[in-house]
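Naming follows writing order (A, B, C and D), and every chain is counted from residue 1.
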Amino acid sequence: MNDHDTCSCHEPHVHGYNENKSKYLARLKRIEGQTRGIHRMIDEDQYCIDILTQVSAVTSALENVALALLQDHIAHCVTGAAKADGEAAEAKIAEAMKAIQKMVKS
Amino acid sequence: MNDHDTCSCHEPHVHGYNENKSKYLARLKRIEGQTRGIHRMIDEDQYCIDILTQVSAVTSALENVALALLQDHIAHCVTGAAKADGEAAEAKIAEAMKAIQKMVKS
Amino acid sequence: MNDHDTCSCHEPHVHGYNENKSKYLARLKRIEGQTRGIHRMIDEDQYCIDILTQVSAVTSALENVALALLQDHIAHCVTGAAKADGEAAEAKIAEAMKAIQKMVKS
Amino acid sequence: MNDHDTCSCHEPHVHGYNENKSKYLARLKRIEGQTRGIHRMIDEDQYCIDILTQVSAVTSALENVALALLQDHIAHCVTGAAKADGEAAEAKIAEAMKAIQKMVKS
């Protein structure tokens, strides 16, 4: 579906987030656990407002992961493309802006 | 920590979301699966922008769960309190507004 | 377009925000001034990031106005409808939820 | 307060948004008018939900201005710094990420 094999600034399958990969995996594990926790809260008939607080916490944790991924992406792929080739950079920026728009508008 | 045993409009441990409980549990299961999918995408070195798209999808799914829980909460607990007792209603509304603020401001 | 003349809990043209009306008007005046300030920053070629900071400040001020209006609306119109008539309350809650959804999803 | 006179990729006081300046000024004028419209709606005691709809429209218009400014900023200042100097680029990216975080988290 896209060009993850041909990122202009990376080896195939090596991306901006690569050097922080284990941290990202740990964060996702924690978020998965929190999601399971919300499932349990509903199953145990806990109070709606307490569940909403937990849902907001997970939403916020996911947004923080997205912001970190984006920073790695801009620092590596976008600036990498900028150095290599103006047109490729433009495409990378347009693509990144679509992702930012989704984050801002949700 | 809060009054989930004494909600003015419900039996103990029966909340606004109760009649939709199995639907909420299924939605949370799906979100847990999507979170595991993001973990796998990172583990398999997939492209950053594709991962961001998935993170936005999960964030949006969680927000939809929160909005549905909130609607059930207002329709049952808040209006229940409004019918029973003005002061209790005020406290319920203040509590719900805090939850809405967290949703809007994140 | 809607029922602002027949709100079940109010005189015609008297709404939940009415007792705080002068405060709301002052807040809107301030937001209008801030918007004019952003126009001036762009006209004077100020730095993009400083302009973005100001845009975020105005967005946040508008969200706070919306949250306050919503609280007044729930405290007066929604609970008023809840006390008077179950069906009217349901319609009021559905309408308020649409407004909350727009706030959360933007 | 910041380096708007020394942007590494621009003449003093020439920024990424410069070539779209008149469009930005027109958008801000329209937003100022919409803000004045909300003030009038409150002054005329219009229905709360209609006012909330208008507040959401203005918030959304401001977010769109912010996204456009950000795109111009990344396309000019950030990639300009990337081409010129790695360290300056890092500082520009950190600064842009703070602005994006404010947009996402509000």
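Keep this in mind: contacts are C-beta pairs under 8 Å (C-beta built on N, C-alpha and C of every residue); 3 or more make two chains touch, one makes a residue touch a chain.
Composition by chain, UniProt nomenclature: A, B, C, D = Copper-sensing transcriptional repressor CsoR.
All figures in this text were calculated on a predicted structure; none of them were measured in a lab.
Of all residue numbers used where chain A meets chain B, over half belong to both copies. The two sides are thus made of the same residues. Looking at A-D alongside A-C, one finds more C-beta pairs in contact between the chains of A-D. With centres defined as mean CA coordinates, chain C is found 31 Å away from chain A.
In this assembly, the C-alpha centroid of chain A lies 22 Å from the C-alpha centroid of chain B. Between chain A and chain D, the centres computed from C-alpha atoms are 23 Å apart.
Listed for chain C are residues 60, 63, 66, 70, 96, 103, 105-106, each touching two or more other chains. Chain contacts here are complete: no pair of chains fails to touch.
Against chain A, in their complex, chain D makes its touches with residues 60, 63, 66-67, 70-71, 74-75, 78-79, 82-83, 89-90, 93, 96-97, 100-101, 103-105. Residues 1-4, 7, 13-18, 21, 24-25, 28-29, 31-32, 35-36, 38-39, 42-43, 45-53, 55-56, 58-60, 62-63, 65-66, 69-70, 72-73, 77, 95-96, 99, 102-103, 106 of chain A touch chain B in their complex. Residue ranges on chain B touching chain D, taken from their complex, read 105-106.
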